[in-house]
Amino acid sequence: MATTTSLQSKRSDPWYGPLLTLDVLAGLAMVVAIWAGLLFAKDATNLAGDEQIAQRIFYFHMGCNITATLGFLLSVIGSVGYLVRRTLVWDRIAQTGVEVGTLFAFGIMITGSIWAKPTWNTYWTWDPRLTTATITILIYLAYMLFRNGMDNRHTRARFASIYALFAFISVPFTYYSARIFRSIHPIVFDGANADAQGSFSIGPSMGQTLIITITCFTILFLALFFHRWRQLSLEARIEDLKEELYQ
Amino acid sequence: MASENGSAETIVRVHNVAQRYGRKPVLRDVSFQVNAGEVAALLGANGAGKTTLLRILAGLDNPERGEVWLGNVPLAAAGHEIRRYVGLVSHRPLVYDNLNGLENLRFFARMYDLVEPEPRIEAVLTAMDLWRRRYDPVRTYSRGMIQRLAIGRSILHDPPVLLLDEPDTGLDQESVAVLTDLIAQLRQGGRAVLVTTHNWERAERWADRVYHLVDGTIEDGDEVLKQR
Amino acid sequence: MSSDSLRGLLGRPVTMRTDGGSAAFMRKVWAVAAKDVRAELRAKEVASTMIVFGLLAVVIFGLAFDLRVPKSSMVVPGILWVIVLFAGVLGLHRSFGAEVDRDTLAGLLLAPVEPSAIYFGKLASNLLYLFLLELFVLPVMLVMFDTNLFQFHILLGLSLGTLGYAEVGTFFAALTANSRARESMLPVLLLPVMVPVFMAGVSLTAGILDGRPVSGLVSWLVILAVFDTIFFVAAYWIVDLIWDGI
């Protein structure tokens, strides 16, 4: 009996099929990303030993980087959208962006630290990008806590959006302040940082690998984003139904 | 009394207002009006939504549904300037207990841009029998004195609309008598007064109409038009 | 209450200036600030707590670093700015917290006043408290750490940083005033956003103490000034949204 109802609900849910497909795609994408990063890409020729092996983490680092940025951009868009339109759809986009973005931002931190140990001989340094990324994570953890402390849905959405905007304004300041400090983070796509340690130039197979992994991580991001967004929408629907029942 | 001069101007109009706290609906569908020179009493048990309704009328809360009009201005579209026309006595005194009575009224006089505030403040404090205690911090006042200061605060700028949320709270018999007198004078002066209470007797004594707020609605049958 | 005095109350017409304009705006900003300071002089709830906490923190830091660092001027910049941030947050949340606790914020919002005037009034009183805190902390740091912070560029940077801190801090105090656990919420929201001010302030102070040329440190002053300006404008624009029917 229970199985029939759950089957029926699966059939009546138009998103069930597409989401399942997206999940499978995201799983495959991760396999492809690992294959591309570990097997397909050629060794970095200017590095040797542990550094050469550690360099391969760069592909995953960049994958997380792009998706985290995507999440935070969506959170700003969602916040502005809410303040202009005052509909909770926008607020859910903002919340999902922050949550999924923070997840990938932790990915940046972890992959970065593992790479930094053999290359910079330290897990951690107050480099501008590291500083900015850390502070951004702290800001968005604060955002999630702040949401948690408010009950009224619209007040919560409004205040969280306002905070997200203020926090967003402060991020470039953090970056530029930290940048005036000495920087040792390699700028792979700019090549302008003479003090950078552990740099490597992008060869043809590296460039291809990068495109593959970033695409794969974006698919994973989309799957996670969609699931969380839908979950929040369903929660809101339940809230609405409960309100109707009370009426 | 308002009907003496024929057609009375409607000052407060509430139309199909609904509001909820969290999931719980407090007001379901409230409609009524108060005319100039009229006192309306809002009766209802504790938790019936009287305070919620008054906060909406004062512009402190936005209703979930429905409209409120002050004069011919919809409250939702009005700027903060409309607040000049409303005075509120709330459950909380809305005065600063670290300041004295005089400083409190001086502060609010500045917030309402009163021209020549001093004589007005003196008149209000004298009428509220607080003039002798004007230099004492509010935290040394008794409950009744604080309530009188709160009433004084609400009429300081002489608004055409007065919202009194259980104004008799904490007042002794003598002060209630003067409050009754004040309400009568406000009516005579053409102000629109909405007063909440759960005391039937006082509602009858104060008001021209009595609305009964039950279960978040005011039903037509609950309106008692008094013969004066 | 006396019935006789009531009679005269409604007879006399009451006039309100409704011309508005920036003069009326400034009068209300001033009224809110003056009211806060007057109440503070009576109650001594906010500024005194900040100052005592600040002095306490100087002593604690002094004990913590005594004999552990070769030259105290190496840690003084960090100590100064940590004390300003942490002692400041102690007072900031009271600025709106006290109004919400006693529901007097509703009384303020009932008046015909722009929300930004309330914000700027609170900003002014908070700024005063923070400067007062610094006025007490700096001489004590001079004695305890034998480091003279009374140098023009350090004080300029401190003033700019304090302004930025008061701007964002007052704004976030308004934002958190109605949420649960606002005392702990405010620092969690505020401190990450204040990181640029902290970094700029510490670097500037350290640079001056190390005797580096001012020309190389001007960028810190620029960052602080731009931060102050942008958040001033942002707060002015956005503060109306906070009390949009609380």
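Labels for the chains are A, B and C, by order of writing; each one numbers its residues from 1.
By our rule, a contact is a pair of C-beta atoms (placed from the backbone, for glycine too) under 8 Å apart; a residue touches a chain by one contact, two chains touch by 3 or more.
Remember, predicted model here, so these are calculated numbers, not experimental data.
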**Message:** By that same contact rule, can you tell me which chains touch chain A and chain B alike?
**Reply:** C
**Request:** Mind having a look at which chain is the central one, using mean CA positions?
**Result:** C
**Prompt:** Which chains, taken as a pair, are joined by the highest number of C-beta contacts?
**Reply:** B-C
**Message:** Using only Cα atoms to place each chain's centre, name the chain farthest from chain B.
**Reply:** A
**Whole-Å gap between the CA centroids of chain A and chain B** = 52
**Fill in**
Between chain B and chain C, the Cα-mean centres are separated in Å by 36
**Item:** In chain C, residues with contacts to at least two other chains
**Value:** 244, 246
**In the complex with chain C, residue positions of chain A that touch it** = 83, 131, 135, 138-139, 142, 145-146, 149-150, 155, 158-159, 162-163, 165-167, 169-170, 173-174, 176-178, 180-181
**Item:** Interfacial residue positions of chain B with respect to chain A in the complex
**Value:** 20, 22-25, 28
**Message:** Going by the contact rule set out above, which residues of chain C touch chain A in the complex?
**Reply:** 168, 171-172, 175-176, 178-182, 185, 188-189, 192-193, 195-196, 199-200, 203, 219-220, 223, 226-227, 230-231, 234, 238, 241-242, 244, 246
**Residues of chain A defined as touching chain B within the complex** = 151-152, 239, 242-243, 246-247
**Prompt:** Quick one: in the complex, what on chain B touches chain C?
**Reply:** 55, 58-62, 80-84, 86, 88, 90, 92, 94-99, 103, 107-108, 110-116, 119-120, 123-124, 126-129, 137, 148, 153, 155, 157-158, 174-175, 178-179, 181-182, 185-186, 188-189
